[in-house]
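Okay, structure first, notes after.
Order of writing sets the chain letters: A, B, C, D, E and F. Residues in each chain are counted from 1.
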């Protein structure tokens, strides 16, 4: 492993860790659920993404062959994290969690009737 | 397409994923990957009600690039906002009227919004005509809507619907 | 290596899988498959018993991996005795289920065969963790069987049974883990060798592991005060299931006996006779309180369930004496109490069906059709369970009383065994007179007038015949029990058979 | 250099883990806790990747992959419960 | 083996007689009599020997190792009893045929009677004591059936149960006594026991054994204070009473005294116990008998009294007393059977047994009256009747013993008083029934009974007279043989003459006769006194009260113990586990901490541990908010997985992660139908108690874990590491253990999973639960059933996830993974489809049944295991090899992989089976609402 | 590190025991889950602790004890089956008894 690689790795690792940290910091710090939601779903995607790239680089350099399977984890995360975020926001709206900004008018859930129970 | 090879795109994609998983380009793995890439779609055929047609591959690539860039920027921006004064944040719910109708296009749009600058798609209206977006810090709501429509919706419409 | 050792384990499994595959077959065909398997199981069990009766200890190394690393099955006299008892019981419980009870829910026959799989596996295994696994098999099957037919009572009892057994399994894992953590092995024979050589600093841990394991087995065996799950569970199960469950407590008793003689036998040095101080008092209390329950019962199934508790007490008193004669007495008593309790469960179902709204509750009602027949069967079964002469229950108690002669707890053993026998006699006489002696000579309340069917009579009479057979052939049976006890008290042979030249 | 980076990274991610835990415990709403659990999964992936690099072992990859998949399903199920009660209607 | 055969004949005959009674009553009677006669005929060849003082022994090997063979013994005593049992039995059979009314089943009575007869024969013909006891208890059981013959009558039921309880209790005591006797002498066989009298009497166990045996004898013979069952047994039909209470059942007790006389008698304990109880019983029985208005009641108490007399004779203990005892056994049997039968005739003809209503029957039935009067005179001990002879011998022995004992004078005094009462009640039986004015309000008009009904009585009365007048010509040989067998020694000088000259005995007899007549004349005021006493001192009422108390006690104790509360059972179990573990640890003086080198703590681990602790504790504290607790439990599961990873167990981590999610999904599915919050039910103190116990349990688990973790150990695991590749063909040792070295565990494990699924399937069958319309806060559910975005991407993820699961399955043998994890990934991928698209949608796209999947999985595992049989190996023996294929190159195939495939299929099948059926239950729950809301 | 794990096991045991002593089926199920975590960790700990030594041949110079891992794996699977069963039983019990009290009594 040459110095340049090590520097790159170090930077990637640090960047990843910092973004991961910031995401959780937002989760802890921000004022309402809706703003808190932004922290982890974004910052950590990039955070873990950077770490995964670091891992791929590391094992490609140290191992006997190219290591790209980390891409898969990232792919998974990039597909799933937004869905999670969307559903959590949807749930929060449904529960009408208090927000720093005025909540939008009915999103449909309150107006619904029993007939909407049908699967 | 046909019954033997229902998803011609999926097969090589899955074979590729297989090789990624195994971190190997051994011929045996390639054969096995192709085999699985052929077999798994056969089994999952019923789960894919309609064919996915991707018309403009170049647009797709460009769109992907834009999104990746935006993710990077968004993260920086959000990081900055989180590290700053939470009280100065100007969160808002914004309604984005939708032009796209294709289910997959709407889904990808919503996902993209979630992945990028300080926005989360919070609710898709029942008629699927508008998307409620929560933004972390908004100057101008209209500008945000316009950006989303231009930067993400338009290419998606092109990719999936034209 | 003879596959005979594993055959009684695999046959019910095979039958279970076949029944699962062919689950759409009409019920009569499924019954035939199940019954064929049960008969085959008896044949295998008899062959196994013959193979070990000379004193040979058969060892079957699964996967050809030698002990102590691989899992071994060990068939000695005790294991074969248990397998045969189970197989005989199972056939008759199964036949009774064929009277239509197997239609009350789904997968009865699959669960039944798998229950046998679990039981045989538990009796034959020579590995502590594998014993855990087979405990779980027989438990999960028993959960399904217990809930067979549904209904509020069954579900409530099932909930208690399941939760307590899950706690029991947790404790089992703690104990098994502790054994491995301290002694570094799981094979019974190897454990025995290592326990005997436990360094002083580890004595406390091994003792704790042994006692915790005893706690698990005590729960399964329904030893006071861990017996409370039993009456409700057995009383609410359908008759064939309750009958089959008559062997379930014996699994606990078997395990206590096995670990007590093999792991903590006389050679275990400072760890010898680990559970003895706990076992005998608890067993005496179990018998006493079990028999009080028999006296307090308000219906026949409940009474039968408490009789199971009492019989566990009696059985464990015998084992708790720890002597050759005590163990022999217990081993003779074990199949007797199993068959007798099972017959009473079946009988109470048959009687309840004929008493309309009164069911099996102890209140006089109209005459039941063929009261003489049912009363006669009840009489025999009561004689068996009360331990009255001339049947096997008496012989078992006689052997226990004799075995206790040289024991310091003689007054306690005699006092409680004899006093509870009287209580049992009083209670059963009362039950019989309330169930069969009508209060009014007119025959008004009779609702179900159906005549006895062979599906009911064959299993009941069959089980009673087994117990009577134990009486008539008490000589050979008790000789076998004595031989088994002799074998158990000489664990060196077991250890040598399992470990051979490996260590 | 990489070692120092790793130490810092571990510290940061561990702190992130602790912060997330704090949110998990504090709530106050159910979505908050779901979000915290989801983030905890992400943090765990980060930890695993770091551990893999630190130990030079690729054996942690599958765990990371599985956490990504399982964490998602868990979060979805929890949200669906809040929305609909019946999660597989 | 004719002795055994003779005993078995009645047992075998019983069901036959019962069966034949359906044809005709007469046939049944003939058959019963035939059985008794057959039994007698079988014994015929051996009947002569006892008269020559020979003992016939016949042995059938049963349980020789326990000293328990079936050995039969015919000696003089046995012969005497055999003749009484069969002879009087025959008369009773004849009598019963006429006595029993048409609606009562004669066959049933005969069947019970024969069972009883066989049991009695067994008692008197047993050489082995345990065998004797077996028949002894059988007499209790069969007499229970006889006494409760009239099942609809409350008195019959309670009388039978009382008799069974008392005699059964005695039987158990007797068992104890016999076992002790066997312990003392080393044998249960009479030949040995009777020859070991001196050893027995000198043994420290003599007294316990004696007491236990006497308890058996006294209860059976209705000795004070166990006498009260006998009058209550009078609820039986009179033929039964005539049989049980003259010659058989109650005589079993005195038979035992006679049988064991040489072994046990001759000590002070014997004399005072047996003699004292006998005299007391003699007195009490005689006194009470006089006051019974019930004809059978009078006879019952007189029986008690006479049994007391016989007991007292054996208690006196001299050889001559023993001879007298045997003689009175004979005499009492004869006259008492006759009296019972006479009473039965009276009852039969008048419809009542109340002597206050029965009067002046002499006119209506003079023949019967004559017979009854002769028998009663024998009972009173009037000269020329048989009772006189043995009673005279008794009076003589009592008078003789007076000088040998302290307070000995009490003996003749008590005996005389008893004699007075005996004369008085006998007189009452004659006078109050056959004379004493006109009958009062009888249910029937009395006249003589059928001719043949009187024949048995006539035979007995003739015997009374023959024995009474010509004793040495009639009874002497039998008596000599029997008494000789009792004494096991030469007979003492005895003279069965009517006239012995003037002696104290004669004086006592005279006093008794005169006193008795006088007493009878002043009976009326005494009756009033007695009636008052009886209300307060009725043994039956006391007995039933005691029984009631026993039931109450049993109920109370059982209810107190078994409250039906799971929490209580859990508490007991946890406490027991704690006690056992603590007891084990405490007994060792070694320090808890061992010498092993420990790993340093790092920050990540510390935070993870904190996270675990915080999440677990919070979940516990907030457990009543179920959803919150569930989320926190998810966090705990995650940290547990991380611990597995940290400490080098990737397989475990993968498994834990997958299981965790499926569990959460299942819990959520359940939570939908359950309340969202638990009510606060337990009190503060209860929570404190539970928390203390929980902390103790936690401390225990920690201590054990710590103790082990800090100790070095020597385990078998090195072998697995060394043999994994060469022996199992896999590099992932954990997987090789799972599918190969300990594949049998896995075989069981997948069975558990399959059975859980099947059990759940059976349980959910037809389950319907009310689906809540709103959430816990009262909000309606979100109308968007399947959010589009999730639905879309879930489909996209399915092939990916399946690919991953195949990946995990195939690599398992060499790297972390395997069938179980792969199966769970597949299951989770499908669960995701359920979550995103719903049950109906997903169902339509999956195979309709998952049972075949499970069955196939189990079958594959089984077949893989069995395949090795074909190669001469054990079940589950694995094989592996490397194969070169075109294109792919060399690949490794192991039979263990097939096993892993079985595991995979079971996991997928089981998980899906659970989910699909739960989904169906959900749908079923929604269905009614659908109907409601359809306009 | 050993102390940390021992304490964690103890804590999980304590939480599990406390929860199984509650009156409602849900708490009991949760308690059983915790107990199952605790006992799995305990069983695992019986192989002692080793960092970066997964029992995969060739992965590291020395190896953690593989046997407890295999045992725990079996225990996890069995525990999963049992938990699934008891969860469904809780549902069944709710349906049959009308409430979720473990004794079937109490308010719905």
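In this text, a contact is a pair of C-beta atoms (placed from the backbone, for glycine too) under 8 Å apart; a residue touches a chain by one contact, two chains touch by 3 or more.
None of these values were measured; they are calculated from a predicted model.
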item	value
Those chains which touch chain C and also touch chain A	E
Result of counting contacting C-beta pairs for B-E and E-F, higher pair	E-F
Chain at maximum distance from chain D, centres defined as averaged CA atoms	E
Centroid spacing, where centroids are CA-atom means, of chain A and chain E in whole angstrom	69
Geometric centre distance via CA averages, chain F-chain C, whole Å	29
Centre-to-centre distance between chain F and chain B (centres being mean Cα positions), rounded to whole Å	39
Mean-CA-position distance for chain D and chain A (Å)	10
Chain F: positions in contact with at least two other chains	20, 25, 28, 38, 40, 42, 45-47, 52, 54, 56, 60, 67, 71, 74, 78, 81-82, 85, 89-90, 92, 102-103
Interface hub residues of chain A, defined as touching at least two other chains	18, 23, 25, 37, 67, 69, 72, 76, 79-81, 83, 86-87, 90, 92, 94-95, 108, 119
Interface hub residues of chain E, defined as touching at least two other chains	564, 566, 570, 574, 630, 646, 650, 669, 671, 701, 704, 708, 713, 715-717, 720, 742, 745, 749, 752, 755-756, 759, 763, 771, 781-785, 787, 789-790, 793, 800, 804, 815-816, 838-839, 918, 923, 926
Pairs of chains, among all present, that meet the touch criterion	A-B, A-D, A-E, B-E, C-E, C-F, D-E, D-F, E-F
Chain E residues touching chain A - in the complex, by the definition given at the top	771, 773, 777, 779-785, 787, 789-790, 793, 796-797, 800, 838-840, 923, 926, 929-930, 932-933
Parts of chain E lying in touch with chain C, wherever the complex brings them together	18, 61-66, 68, 108, 130, 133-138, 141, 144-145, 148, 151-152, 157, 160-161, 164-165, 168-169, 171-173, 175-176, 179, 182-183, 547, 550-551, 553-555, 557-559, 561-562, 564, 566, 568-570, 572-574, 576-577, 580-588, 590-591, 594, 701, 704, 707-708, 711, 713-717, 719-720, 723, 727, 740-745, 748-749, 751-752, 755-756, 758-759, 761-763, 765, 851-852, 854-855, 858-859, 862, 866, 868-869, 873-878
Residue numbers on chain F that touch chain E, as the complex places them	1-30, 33-34, 37-38, 40-42, 44-58, 60, 63-67, 69-74, 76-85, 87-92, 94-95, 100, 102-103, 106-108
For the chain D and chain F complex, residues of the former touching the latter	55, 57, 59
Chain B to chain A touching residues, read off their complex	17, 20-25, 71-72, 74-75, 78-79, 82-83, 86-87, 89-93, 95, 110-115, 118-123, 125-126, 132, 134, 136
